[in-house]
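Chain naming follows the written order as A, B, C and D, and within any one chain the residues start at number 1.
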Amino acid sequence: MRMPRLTALLTATAVLTTAFTLAASAAEVHVLNWKGYGADEPWAVQAFEKATGNKVVNDFFNSEQEMLTKIRTNPGLYDVVMINAAFNDQAMSEKLIQPIDTSKLPNYADISKDKAGSPMLDHDGKVYGVPWVWGLTALAINEKSFDKPPTSIAEMWDPAHKGRVIIRDDAVEAVQFGAIATGQNINDIKDMDAVKTKLTSLMPQIKTFWSSENDWNQMVASNQIDIGTYWSGSADRAKTHFKLPVSLVIPKEGAVAWLDAFSIPAGSKNVEGAQAFINWMIDPKFYVEWVTKVGAPVSANTKAVEALPEDAFNRKVMGDPEVAKRIQFQAPITDAQREAYLALWQQLKVDVK
Amino acid sequence: MMTTRILEGLGRFYIGLLLAFLYLPIIIMALMSFNVSPFYQLPFEWTTEWYASLWHNDQLIAATWNSLEIAIVTTIICVVLGSAASLALYRYEFRGKKLLQALLFPPIAIPWLITGTAMLIFFFGVGIGRGLFAILLGHVALALPYVIVVVSARLQTFAPELEEAARSLGANQWQVTMRVTLPWIMPGVIAGGLFAFAVSFDQFVVSYFLATPGQTTLPVEIYAAIRKGFTPEINAVSTIIIVVSMALMLLTARFFKFGGEK
Amino acid sequence: MAGVQVSNVSRSFGAHKALDDVSIDFADGGFYALLGPSGSGKTTLLRQIAGFDFPDSGRISIGGESVERVPVEKRRIGMVFQNYALFPNMSVADNVAFGLSVRGENKAVIASEVQRALDLVQLGKLGRRRPHQLSGGQRQRVALARAIVTKPRVLLLDEPLGALDKALRVDMQIELKRIQREIGITTIFVTHDQEEALTMSDRIGILRDGRLVQEGPPEEIYDRPKSEFAATFLGNANIFRGDATGNGIRLPDGTAIAAKVGDRLAGGAKASCAVRPERIRIATDAVVSDAADANMLKGKVSKRIFAGNNSTYFVERAGQTLKVIVQNTGADRLAEGQDVVLRWSPESTVLIAAG
Amino acid sequence: MAVPGATASRSGLRSALPLLAPAYLWLTVAIFLPLSAMVFFSFMTDLPLSGKPWAFTLGNYAAFFSQSLYLTLLLASLRLGLEVTLWCVVIGYPAAYVLAKVLKGRSREAIFLLVILPFWSNGLVRIFSWAMVLREGGILDTALNAVLPFKINIDLMYSYPAVIIGLVHSYVPYMVLTCYLTLQAIDDSLIEAGRSLGASRLQVLKRVIIPLSLPGLVAGAALIFVPVVGSFMEPRILGGRTGTFYGTVIEDQFVAVFNWPLGAALSFILLAVVLVILAVAAPVLRRAA
C-alpha cells in the first residue's frame, strides 16, 4: 500500500475516535414522538430553536410498545416523550418518567380541566403527563370509492371492499375496535369471544396493516384501499396538507378516543429545555399554525381550540356534543389485558397463513 | 450446429431476463427519486428536489458518515487482525488448530438476526451498551472470518520455500514477513478488506439491534424511514449508494480478477 | 465396425478457416494418425468426425451412413480425450458402465461387459477405485475401456498419450496397438508427435492450415514427401532450392543436383530437393567411392553433436546449414572446422515442385 | 499445508498465540460470549437489568411449545426458506450454467459481473425498490396496462408472493455465484466424453454436471436458506397482512414488546434448527473443499 493512502486511513481512524467521544453536546432536546406528528414540523422546530437556543433532535417510534422499549433501553437519552395517556400509568410505574413542575409551563393553566386533572396522568398529586391533543381512532374513507360517506362501522365487513380495507397493526387498538363493532365498552370488554369472531371475519377483508400515517396516505394515493381505521388528526392532515381524497367518518356505533400527553423521561439531562419544548407545543400559536399548515387533532388547550375559526372541523365536529356522546376514551389497561390482546392479535395474524 | 446455436440463443435470452429481473426494481427506484409525487404517483414529473432536500437532512447525512467511518475502521481492524491470524494458522502446527478454523464459521453461518439479538443482550448486560462502538465491535466480528478465509486461501498458493530462501539470504522473521510473505498475500489482503468493507457498509440486521437514536448507520436509518413513512429522499440516497457502490465494484473488478487472485 | 469417409469438409470460425476442403478416406479396421502442428485443424477434423461440431460444407459418413448432421450421441463412436475426462464423481466401473447405462442396457449385461472391457485393458481388479486414486497410465486405460465398451463403429483418440512420460508412453503405444488389433476397430488418432504417428499407424494424414497436405502409409510419406512441409514435419530433411532442370535442380551457384528417376519437373520452374540426413555420407576427401552417389557438395563442419549410437554433423555450405547423421561405427570422428565433402545418391533425393 | 521449520506442536502454539489472540479474542467478545449469554437469558423470567426480580425458568421454552403460534410461525419461516431456496435454484442454476458453459470470453466476464453487481448494493434498498414495482398503480401495473389491450390488475404488493419475489431477488446472486464457481471447474471434456458415449444433453446434465456441481448447489442453498429463515425486514416491508413470520416475532420481542428472555429462547430454538440443517449439509460441503 502506498503511503498517502495509509495516512488517509489513519487520519480517518483518528477522526472516528474523536467522533465517538463527542456524543451529545449541551442544550439539545431529544424528543421521542410519532413521525409527522407536530413535534417534528421543521417550521415549529426552527422557531423553537430560535426562541430558546435549544436544538431539537427528533426520534420516532412505530407503536406504543416500541416507544416504551426505547425509553427503557436508552436511559438518559430522551428529554421529551409523547405518551398516549393510556400508557402513562405503565411508564410511571416502571419509573421511566418523572413528575413535571407545571409551574414552569405558563400554558398549562389553559389546559381544559377534565384533561389536566385526568387520573391517567396525575399520580399522588404529581403531574406525569401534560395533555397535548386528543382525537379519535375512527374510520377514514377513500372518497373515490364512495358516492356518499358510510355511517356504520359494518361497512368494513362489506364484501364489496374485500382486500381494500386497512387497519393499524396494534393489538390494543384492534381489540378495542372489535369491542365497538360488537357494541361493547372498550375499557371493559365482557365478551372477548365475540370480539375475536368479529375480527377473524374482518381479516380476509384486509389489504395490509398500517403502522405510520405515511402507509395510509400512500395506500390512498395509489388507490389501493377504500376504507380503514385512522386517526382524526391524520385524516385531517391527509386532506389539508397532502390533498388526498380522504375524509373522516365517525360511525354511529362510536369511536375510540385517545389523549396524547407529553412526559419527561426519568433520566433527562435537559429538563429545562424539555419544559420549554412542552410549553411551546401546547401554545395556541403553534396549534393554529399546525392546524392550518398541516392538519392536527384537537388541542387539549381550550384557548388553542377557541383560536380556530368557528367552522373548523376540530371545533365544529369534534366539539359537537352529539359526537361526544358516541366516543369512548381509552383507559389504562393492565399487563394481563395487554398480553391477552397481544396473544389474540398475533393469533389472528398467524391464522391468515 | 443448429441445436447448439438455438441453445446458446436461449441461454443469452434467459440471462437477459435474469438481468432485467435483477435491475428492473433498482432502475425504477432510481427513476422515482426524480419524480415529484411524495407518494410515488404517476404520471412522472421530473424534479431534483429530493436530492436537494437530502442535503439538509442532517440525520441521514450523519448516519451516512457513521456508516462510512465504521466501515473504514472495520476494514482496517479486520485486515490487521485477520492477516495476523491467517499467518499464524498457515505457519504453525499446534493442537486445536482445526477447532480454531472451525470457529470461523459460526459468525458466517448463523443468521444475523440471532447474532444481532445475542450481541444486544450481551453488550447490554455487561455494560458495553449500544451505539457506534457496539456496532463496530459487531461488524468486526462479522467481517473477520471472511478476511481470514480469503487471506488463508491466498496463503495456500504461497510456496514456503520462498520464506526459507529469504532466511538463507540472511533475513530475519520480521523481514521475511514484511518483504516476502506480505507482498505475496497482498491481493488476498485487499480482497479481504473489500469484503470487510462491504459486509460492514451493507450490514443492517446487527446494526439495527445495536443502534441508538443519534448513533445509527445508514441502513438502519433507511429502515426506520421505510417503516415510519418514507419520502423519495430515501430513493435519492439509495440511488446514490447504489451508483457509488457499483462504481467501486467495477473499479476493483478492473484491478483485481474476481476473487482476488492474480 | 465401419470405415469413415470425409469428403470436401470445410469449417470456419469467423474469418479463420479451420478446415478447408478436406477429403480423406479411413478404411475399415485401419489405424490412422492425423498429424500436424497446433492450429493445423487436426483436432477440428476429429471433432467433426465425432460430431461435437458440424461442418459448414462437405460430407462425413461412417459405415456408408451420412452423419454430418447427426449429433454426437447418435453417431456410435468411442472417444478418448487428451486429459482422459474420467467422471470424478463415479468409480472406475461406473465410468466404464456409463455409455451402456445411458443406452438403458440391463444391469447384468452392463456388469459383464464392463468387466470384459476392464480385463482387456488389464485393470480388472480396480473397478471400485475412484479416478483420482489411479496413476496416469491407469487412467488412460480406463478411458480406453470406457470408449470401447459400447462397441463403437470408430474409435477416436485426441492426443491420448500426450500427458504421459516417455517410458510409459512407449508401453501404452504398444498396448493401444494390441487392443486395436484385438477388436479390429477403425481408429483415428490425433497427435503432434511424428514418432508416435510413424510407429503406430497404418496410414498418416498430415494437415497444415486446415488443409490435408499428404496422406498415405508412413513409409511412403517419409520416403516420398510431396511438399517441403511434409518432408520437414515428418522427420528431418535438408532442403535445396533452385531451378528445375527436368530430373533435378540447379542451385543458384550452378551446382546441379539429380533427383530420383521418375521425378520430373519442366525445366525453368522453381523447385526444391529434399534429402534425409541419414542418407548423406560425409568424408574428408573427394574420392568417389561409389558411382551411385552422384550428388556431391563441399562444406565445412561447424558443429558435431554426439548421441551415442550416432552423431549429427552440421555442415556449412554457401550460407546454408546442412544436417548429416552418421552411425557410430567406431571410425574416426570429424573435427569442427574441418573441410568435408558430402555425397548422396539421386535415389535418396526427392524432387518437389515449389508450393 | 506445509510446515516450515517443522516446529514441535507446543512451541508452535507459543509462536502462533500473539498473532492469533487478538482476532479470536474479538470473536469471543462479540460472538461467542453473546451467544452464550443468549442461552443464559433464555432461561430467565425477566431481565436482571430492569430492576425487577428475576428467576430461572423453563417458561420461555414452554411458551414456544404450548402456544401453537410460535411453531406455526417457525414452520411458515422454514417453508419460506425452502421456497425461496428452490426458486433460487430454479432461476440461478440455469443462469450459472449458461454463464459457465455457454457464453465464452469477454462477454461472459462482463455478464457475470453484472449478475453479481446488485449483490453489492444495499439489501434493504433492493427490497424497498420492489415495493415500488409491485403495487397496484405501481410500475408493473401501469406498464402492463399501457401495453396490453385489456385491463388487468397486477397487485402483488403486500402478499406472500411479494415476499418471495423480494427475497429471491436479494439472494439469487448467491446461487449464481456458488454454482458458477463449481460449474466452471467442470472440464468441458467431461461433457463431451458423456456425449461421445451416447448420452443426450439431458442425460449428461443429470448424470455428470449436476452431481459434479452439487457442492455449489448445496453451498448456495445453505447461504440462502439460513438467512431467509431468520428474515424479518423483507416480510415486514413486502408482506402486508401476510408478513408475520418467526423472524418478525423475534424482532418484536426485542424492539417492541421488550420480552428479551422470550426473544432469546425463540432465537436459540431457531439457532438449533439452523445448526441441524447445516450439519446435514456439511458432508456435501466438505466434499467440495
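As a working rule, contacts are C-beta pairs under 8 Å (C-beta built on N, C-alpha and C of every residue); 3 or more make two chains touch, one makes a residue touch a chain.
Everything numeric in this text was worked out from a predicted model, so none of it was measured.
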- prompt: Which chain pair shares more contacting C-beta pairs: B-D, or A-B?
  reply: B-D
- prompt: Among the chains, which has its CA centre at the largest distance from chain B's?
  reply: C
- line: Taking each chain's mean CA coordinate, chain B and chain D are separated, in whole Å, by 16
- request: List the centre-to-centre spacing of chain A and chain D in whole Å, with centres computed as mean CA coordinates.
  value: 37
Query: For chain B and chain C, what's the span in angstrom between their mean Cα positions?
result: 56
Query: Considering chain B alone, which of its residues make contact with at least two other chains?
result: 40-41, 124, 227, 230
Message: Residues touching two or more other chains, restricted to chain D: which are they?
response: 137-138, 255
Task: Would you give the residues of chain C that are in contact with at least 2 other chains, written as numbers and ranges?
output: 71
Field: Complex interface listing, chain B residues touching chain D
entry: 7-8, 11-12, 14-15, 18-19, 21-26, 28-29, 32, 40-42, 77, 81-82, 84-85, 87-96, 100, 103-104, 106-107, 109-115, 117-125, 137-138, 140-141, 144-145, 148, 156, 160, 163-164, 198, 202, 204-205, 209, 218-219, 222-223, 226-227, 230, 234, 238, 241-242, 245-246, 248-250, 253, 258
Statement: Contacts from chain B onto chain A in the complex sit at residues 37-41, 59, 65-66, 69-70, 72-73, 76, 124, 130-133, 212-215, 224, 227-230
Field: Residues on chain D engaged by chain C in the complex (per definition of touch)
entry: 187, 189-190, 192-200, 203, 207-208, 211-212
Task: Note which residues of chain C are touching chain D in the complex, please.
output: 50-52, 71-74, 76-79, 81-83, 85-89, 98-99, 102-103, 146-147, 150, 156
Field: Residues of chain D touching chain A in the complex
entry: 50-51, 67, 69, 72-73, 76, 135-138, 155, 157-158, 240-244, 249, 252, 255-258
